[in-house]
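Think of it as A, B, C, D and E in the order they're written, each chain with its own count starting at 1.
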Amino acid sequence: MKRIGSGCVLLLAIVLGSGCREEMRNDSRLKPLQEDAFFADRNSSRPLVPNTVPRGHANNDDFFYQGEINGKLVRGFPSPVTRQELERGRDRFNIYCSVCHGPTGEGDGMIVQRGFPQPPSLHDQRLRDAPEGHLFHVITRGYGVMYPYADRVTPQDRWAIIAYIRVLQLARNSTINDVPPDQKARLTGP
Amino acid sequence: MSSVQVRLHGLTAEFDSAEQLVQAARTVFEQGFRQIDAFTPYPVEGLPEIIGRTKSAVPLIMLIGGIAGAVIAYGMQWYAMAYYYPLNIGGRPLNSWPLFIPITFELTVLFSALAGVAGFLFLSRLPCVHHPVFSVPGFERVSTDQFFLWIEATDPLFDERSVRHLFERLEARTITEVRGK
Amino acid sequence: MPQLFSPGANTLFRTVLIGTPFLLIGTVFALYRIAYSPYATQVGVPVDQPVPFSHQHHVAGLGIDCRYCHTSVETSAFAGMPATATCMTCHSQIWTQAPILASVRESLSLNQPIRWTRVHQLADYVYFDHSIHVRKGIGCVSCHGQIDQMPITWKANTLQMGWCLECHKHPDRALRPPSEVFNLNWKPAGDQTLQGRTLAKQAGIKSIQEITDCTTCHR
Amino acid sequence: MESVASRLAAAQRFGAILFCVGFLVVGVTLFLAPSHAFPSYLMGFLFWMGLTLGCFPVLMIYHLVGGIWAVPIRKFLEAGISTLPVMAVLLVPLLFGFGYLYRWIHPVDLRTAEVLERKEIYLNMPAWLIRTALFFCVWGAQAFLLLRWSRRQLESSDPRPTLALRKISAPGLIVFGLTTSFAVVDWVMSLEPDWYSSIFPLIIIMGQILSALALSIVLARTLLFGADEATPDQLNQLGDLLLTFVMLWAYMTISQIIIIYAGNLPNEITWYLHRMRGGWLSLSWVVALFAFGVPFFLLLFRHLKRAPTWLSGIAGGLLVMHAVCVFWYVAPSFRSSISFDWLDPFAFIGVGGAWVLVFSRQLSHNLRLSTISGQSA
Amino acid sequence: MPETKLLEEEIVKSSNLPHLLVRPGETLESASAKISGIVLTGKHPPFWWVSFGIGFILLMGFLYGTIILFMIGVGIWGINIPVAWGFAIVNFVWWIGIGHAGTFISAILLLLAQKWRNSINRLAEAMTLFAVACAGMFPLLHLGRPWTFFWILPYPNTMGLWPQFRSPLVWDVFAVCTYFTVSLIFWYTGLIPDLATMRDRARTRFAKIGFGILSLGWRGSAIHWKHYQTVYLILAGLSTPLVLSVHSVVSADFAVAVLPGWHTTIFPPFFVAGAIYSGFAMVLNIMIPLRYVYRLESLITERHLNCMANVMLVTGLMVGYGYVMETFTSWYSGDIFEQYMVINRSIGPYGWVYWFLILVNIVIPQLLWIRKIRTNPVSLFFVALSINVGMWLERFVIIIVSLHRDFLPSSWGIFAPTGWDWLILFGSIGLFCSLVFLFVRFLPMIPIFEVKEIIVERQEEAA
């Protein structure tokens, strides 16, 4: 009797257990960053095969992608700076740069207040004079204790940030006389 | 067998045939007894009417159940298809009433049937597995071929001796007093 | 013929008969409670992570923008998890000896990614895309809750299909101006529904019919 | 009995007058405005033909399964099937209006033409004529057999005629079902030549049975109940039969609607689209409500079925509604918006007058016969 | 009216029709004893053990097949694309059709006051329940993920979804569930007075208590009978359109689709006729052996057999009418796909199935025109068997033959059943038989009180 009972329980377990599979919930498609046993590094996201260039990614515009031409740091921007780009630059600067450099580029960001070595102020004459290509290099490759941001900020955005840094520098050292006359009234006020 | 709180529930009379029972029931009803019942092995036509049960509320209950089912079913479909999650299927109208008919019909029938059975049980006061008449000797024959008439003690006209007398006059085969707690 | 049952049997029988429907209703109700309980949905249940990362500290405390780490949230389906290097951008200099960051350092030195435990896991037949939601003006808070107040991350919402649909049917209840998408403390000024309708028009949100179609999420 | 005979005589005179008036008007317009007159005439013909045909299955079902319900109405059913010859004659005018009735003679658009090409072998005039002639021959033979054995059954107490009726009714129902179905395809379904529905013949047959039953009940009330009272049980059973056929008719109608609505195929749904445009939809609702809803509800009540006045009232309503149904089946194929041509009533009474004339003549003959046999028995 | 009655009696006498519903000599007591005795004596003939044994073995096969099905998936069947509906749906429609006889006998014949229903309705109703139970499982087994079957029920769920009420597959759920529930209620309500008889006649305490609980304390009170008869009659009235609706809804599974061979308006009545046809055949296939083994010839007489054969003949002819109209309309439609379907059905790869179907479902049953065959249990049994096979084949033709030719020749295919298909088909028959024989073993298979009514009627007539 006991054997029959346990047999029934086993049968029930098989019947119930054979259900409840989540095959459609978890299909064989790999999600981003998912671990996968197939490759030695157990990473489903594969790096590019060395020396290949994905279609449409031939980054042969040195000015735009490297910030240097023939080993010489560039001055100026790959394309005319628009207001839209400046706003984009402010946006990106506030996300990625302001944590250390501070919202005005003073070098007093929140992380610095928490003990990170203070970066030089962006308003230093050295940096005001530095070619845009230098700034591009720093963002792309890092500088001193600063990590590279190439993986986080696209070249387009880097140029936008640089443009915005130029705006910050300009704003710090300008006087009321730099304001176009037709805008002056708005600033001085009645 | 001390008769502590042994109460008289009523009297039964046993008959051999349906005709006798019908005759007896008619007489008893005409005498003015109202708390009466008759027990038969099969439905005897006209008997419920003779003992004053002319109407059954079951049809009304089933009608109400059916209407409720129809309203609920159509309401549910309209709510789900046209209101809660309006989904375009092959360009057909959200409130595709021809396609809502089958379920409306099914639930009408379902609710009506369930209401009917519930009503039947309630009106018949079933389930009732314990009932005083079950203790009458020979009552088990009522589901085979015997017929019983029953007058309850709660009837205002009930008087044990006169009822017994009446039953005797009706030529009952056996007469039993039903006593119990 | 002796009685088969005692008088009490009637009461018992009727109680059982009437009780059964109530029992059934109770069971269904209990199942509902289970289906919506944290046990089933994992809402509000902190998830163990190799590093006890605190959004509260980094977001509310330090004011770091969401996109500093989740870099692809505006451009791709996947919001992006920070690489170890992202952590090390700061932690190469501060808290360098902190034991809780040991596995981050280990990850860097071994060149092995940190194995985070997923908090928000959708079924694979759901094609969710962060970028479209961000672009149209759905704030992070709408799905992830006040993540700036979570010392350890947990699910703030069930992410059940019914929950998704609730918003897809009434997008105007959740829409915010594009500038406020990443603002975790934004509160609508004035009537949200009214404002939401304008925003929906500005963002070019399709008709409710289209965004509640099956193929919106299931391809 | 005397009053019945005089009433029938009056009915004959009335029928003759209606026939003359109706045919005078329709006959003239058939030449003057054939495109108007022929559809009207077809509707009139189909309704009265439906009454004739509806009597067949009811009678045969009775012969097969028996039952007390048929006793009060049997003579009407038998008089009904004996109108078959006159209906055959009344069919003749239709043959001159083929071009106005059946579009498959010359298809109007390309799509229809392409479909029709594939069934030209079936839908052409000679084939139509041969089939219709064949149907009338079959029905005629059935009517002949049914009436002959029925007369013998009434004349004597010999059980053989009863058995013979049973024997001819069983295969008779099969033959009748098939022939009538194909007749419906030819006469009604092919009015919209690209349309098809396999249940449609059955719907029409149900309508015919209902009309025949309803007419018999109305007549039994107006002509006979005074003299030869039907029992409540008989009335109840007749009411049940009406209810059954109302339900079957509705069931088949709604089945057709659901399947065609869900399928939404161009060759099928157009038939309903034609009945939804231009005000026809409101008539559709009237049909749904009064050919099904109201009679169904009323027939649920036992005491209404047992009351002669109520029952005949319901039956009368159903009879009217099935005339409306014929209108609904046919007219939208010709008229894009709802309209009631002044010719419709004339065609209706023209054909109806002839039908009533023959019917009441036959009925008074049958009644005399049964009286004689009743006396002799 | 009296003349008609007279005539009918004369016919009966002159034609020597088997006209008795209960053979003479049966009394209230003898009928009660005979019917309840089958259950209460506790002794069962070897036939019972053998039949139940075979049924049980097949049931085990069914269980085995189901477990494997759940573990591996519907891939073990022969289904494919384009034939995505295989044996499971064929079996579903077949079983649900078989489940139509019981309610038809009980409800429609009750309404029509046909007394011959009285001794056969109980068994037929029980068979209805068991057949519907068998049927109900197949759509579930056919689901790729049967454990989520409840998603098709309407309840406010976490997905925020409702079933697609415009789909006939959802109608099916409602139709089958309603049908099962109402049939169960109808059957049980009908059983109550008999359960009381069983309680009163039972010897063992166990049986007394068991039947005592099941009979709810029925004591044959006039008041009970009054409500009982009212509810029973109205339930019959409700069940009548319900029977029509259930198979109509099943037919809508096909007819609502636009597939040639499926999409035709005659399907609802055609399916209903076929359902009653096969239902009666199955009732006969079960009842004829039982009648013989349990010596019930005096209660289930030749008259019953004759009447049931007549119903089969009528419904069979309706099915034949359906074939004719369906085929004709398909051709008449002028639609090349419809026309091709007709041709393919008769001379395509499954043409032989179609012609075999015509043979066993239409031609052989024409034998029922002969009265000798209708009243002879053996011949009737085989005709009924032929009909059962035929109606299964009909569903095979409708489902598989229509599916295997798609609109595009590139997606044409062929269906070949696997062993698992057959195992589950015969296993479901085993389930059905096991349930039927258990029913025969534990409950009265003939309604005692209704037989009594007939006996009393006869006695009154005799007196």
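Please note the rule applied: contacts are C-beta pairs under 8 Å (C-beta built on N, C-alpha and C of every residue); 3 or more make two chains touch, one makes a residue touch a chain.
All values derive from a computational prediction rather than experimental measurement.
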{"item": "Neighbouring chains shared between subunit C and subunit D, ordered by label", "value": "B, E"}
{"item": "Centre-most chain [mean C-alpha coordinates]", "value": "E"}
{"item": "Chain pair with more C-beta contacts, C-E versus B-E", "value": "B-E"}
{"item": "Centre distance in Å when subunit C and subunit E are each reduced to the mean of their C-alpha atoms", "value": "51"}
{"item": "Intercentroid distance (Cα basis), subunit C paired with subunit A, Å", "value": "25"}
{"item": "Centroid spacing, where centroids are CA-atom means, of subunit A and subunit E in whole angstrom", "value": "71"}
{"item": "Approximate Å spacing (C-alpha centroids) for the pair subunit B, subunit D", "value": "46"}
{"item": "Contacts with 2+ other chains: residues of subunit A", "value": "24"}
{"item": "Numbers and ranges of subunit E residues touching at least 2 other chains", "value": "160-161, 166, 168, 199-200, 212-213, 216-217, 241, 248, 252"}
{"item": "Two or more partner chains touched - positions in subunit D", "value": "258, 262, 264"}
{"item": "Subunit D partner contacts - residues on subunit E that touch it in the complex", "value": "1, 3-8, 10-11, 14-15, 111, 166, 168, 241, 244, 248, 252, 255-258, 263-269, 317, 321, 324-326, 328-329, 331-336, 339, 369"}
{"item": "Parts of subunit B lying in touch with subunit D, wherever the complex brings them together", "value": "90, 92, 96, 98-99, 101-102"}
{"item": "Contact footprint of subunit C on subunit E as seen in their complex", "value": "157-161, 199-200, 208-209, 212-213, 216-217"}
{"item": "Subunit C-touching residues of subunit A, taken from the complex the two chains share", "value": "24-27, 29, 31-33, 35, 41, 43, 94-96, 99, 110-111, 114-117, 145-148, 151-152"}
{"item": "For the subunit C and subunit A complex, residues of the former touching the latter", "value": "62-65, 67-68, 71, 78, 81, 83, 85-86, 88-90, 92-94, 112-113, 115, 123-125"}
